[in-house]
């Protein structure tokens, strides 16, 4: 593997993604955990760029770092005593073994492709653009039904969450 | 590979961008006086010693604003491609986008009627 | 360009980290964050498969669009999940899921 | 900077340098050139801002250091360099130090997609318009981190207020941003400017511009939305624990952000470098962009120094009950009218390359729609204002009455 911008980028984003993920599951302080989560998701956005999907990368940053990080922080502050819980984990050993086994199985599935042919080494030249996504979203033969359902889902989520979170006494 | 070249520029820009503000801070670190004392590096609040972690009386309203913002922000995932493809789409495509926005506006209207938008 | 299996390996590692967090963390907010990790691992896979798949006419956008939908679901899940955590905390002063047993049969 | 890079690249490869290294170095030169623009302007901006504020407040402003006080910023910089840098013992050191860097970097990074002339730009991303919104969200997170890492109640309270203000005003901002994207049919900044050859977007949708202007004023935390620095209530807001150069970085980021917004508005709504003779020379094009951005920037300073600060409940109500519905309605009306006109053939399918003549019917119809909306809105605002005035008069009368009663007793 030669050293070029893509491989350097891949290495950096891998450190971000996995390091951030490690931080999320180990940190005691939930605010720091949120920051670790954002580091991890930033790395994922980097992967999207390497995979020629810059629109998804921008949206990933907009949604996660711009909105979900803020929301999680607010929730952490609302449930403040959480930062003082002494025990971080329950069932530490079994879950560690379980997830390690899962990882090994997944890795085996990737490296020994018993479920199909060889994995492709190189990607095709052509990449879809954002405009094509937009056209497909509102196309009768495209994604117009999921597009509408997404709107319904978001509406339901917003109404539901407001209904749940609102303090009736205040 | 053209698209990745563009992003290599952005990547380098992103690496350099924090370096510019870091430079004066590092220079200042070399020159600045260092005379810390307990009083100086205590939390700058009201004079009485600070007790416990930082925590302030927190309103659920902050969360609700964040929540509505989140929903509208996620909506952009679809609205930006829709806007970009706008010139090429038929009337049907426009109506689909219109319904999409309209449903979300409904949710905003619900929040308004339930007084969830008021800062109490 | 890095070969496909590298992306899949990273996604597998991230997914396992998420599973570990969900199973072991005590705090509901931390569990929710771990779920976000898992969803993002899935997203890496979706985009990677989309990028490396042979571009047939029908499959051109499937992975791309599907990732966007997963993003939306993740956001909705975070919003509602956090709202539930806040409400449970308000009523029971606890964020440990094992203690929210009021609806248990 | 594309041509420059290829030129520089070839030069270095010809003189025997490694191809990869040459590419990296030319990329680095490009980055330094593009980022040099905001970094140099910010020094000037601080002086301009102080001078303008002074004039508005009937003062002279900095006038001692250098000719007409031009060197004042450097003097300030030297002063900040010599300041002791206090980190509270209870602060979270890593996050505390990272926050000012991220805050400043998030503003500088916007300039990566800002085109200066038709041929001189850092990079023309396909998702340019979305890029700067996404990058700006780092700034929001940085404020949150700064507030939390200081481990100070005022800082945290200030950060929460500011963040909820920022996220709230991002909704109308993005909806207003969708209008130029929709009209140009592209998110690339270059395409958006080129699509305005026939008609500036500010003429097609003045409302979108007004919404963008107001919400970007809020995004930068300037009056009347200056909850960030509500000195009288929050001591200084999220940056209370910061001192020396780190505090300076938050400040510089804010100054730069205001100017950046001016340039962005010039690009999105006022046709960027388009103007008489812009094609003659890149310098003229650059001058047009600077002039337009500068004028918009000066109006924001003017606004900042003349209006009072609003309460947080007023700010939030104004956003969620007025600006957000308005921006959604604006987007819907504009897109509906344009689509109908495209279907019957009155409007061009593609703004890029459409001449002034083709756009006359579009302009007339869209302007009429916007005008009708503005008149309707002014009616609503007038009614609200009257109600508020009546209410306050009633309270004042009641208070006077109570005082009179007390005096009698």
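To keep things simple, chains are lettered A, B, C and D as they appear, and every chain counts its residues starting from 1.
The rule we apply is simple: contacts are C-beta pairs under 8 Å (C-beta built on N, C-alpha and C of every residue); 3 or more make two chains touch, one makes a residue touch a chain.
These numbers were taken from a predicted model, which means no experiment stands behind them.
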(request) Find me the chain with the mean Cα position closest to the mean of all the protein Cα atoms on display. (result) B
(message) When contacts are scored as defined above, which chain pair ends up with more C-beta pairs, B-D or B-C?
(response) B-D
(request) Determine the centre-to-centre distance between chain A and chain B, using the mean Cα coordinates as centres, and give it in whole Å. (result) 17
(request) Starting from the mean Cα coordinates of chain B and chain C, work out the distance between those two points in Å. (result) 21
(request) Give, as an integer number of Å, the spacing between the C-alpha centres of chain C and chain A. (result) 6
(request) Check each residue of chain D and list the ones that touch at least two other chains. (result) 125-127, 130-131, 148, 156, 160, 167, 170, 185-187
(request) Give the residues of chain B that touch two or more other chains, as numbers and ranges in rising order. (result) 3, 8, 53, 55-56, 58, 60, 62-63, 66-71, 73-74, 76-78, 80, 83-86, 88, 94, 97, 111
(message) Show the residues in chain C shared as contacts by 2 or more other chains, in ascending order.
(response) 68, 71-72, 75-76, 78-79, 82-83, 86
(request) Give the pairs of chains that touch; include all such pairs. (result) A-B, A-C, A-D, B-C, B-D
(message) Taking the touch rule as given, give the residues of chain A at its contact with chain D in the complex, in rising order.
(response) 3-4, 31-32, 35, 38, 54-55, 58-59, 61-62, 65-67, 69-70, 73-74, 77, 129-131
(message) With touch defined as at the start, can you tell me which chain B residues reach chain C in the complex?
(response) 60, 63, 67, 70-71, 73-74, 77-78
(message) List the residues on chain B that touch chain D in their complex, please.
(response) 3, 6, 8-10, 12-14, 16-18, 20-22, 24-25, 27-29, 31-36, 38, 40-45, 50, 53-56, 58, 62, 65-66, 68-69, 72-73, 76, 79-80, 83-88, 91, 94, 97-98, 101-102, 105, 108, 111-112, 117-119
(request) Provide the residue numbers of chain C that touch chain A in the complex, in ascending order. (result) 1-10, 12-21, 23-27, 29-30, 32-34, 36-37, 40, 43-44, 47-48, 50-55, 60-61, 64-65, 67-69, 71-76, 78-80, 82-87, 89-90, 93, 95-96, 98
(request) Can you check the complex and tell me which residues of chain D touch chain A? (result) 20, 92, 95, 125-127, 130-131, 133-138, 140-141, 144-145, 148, 156, 160, 163, 167, 170, 185-187
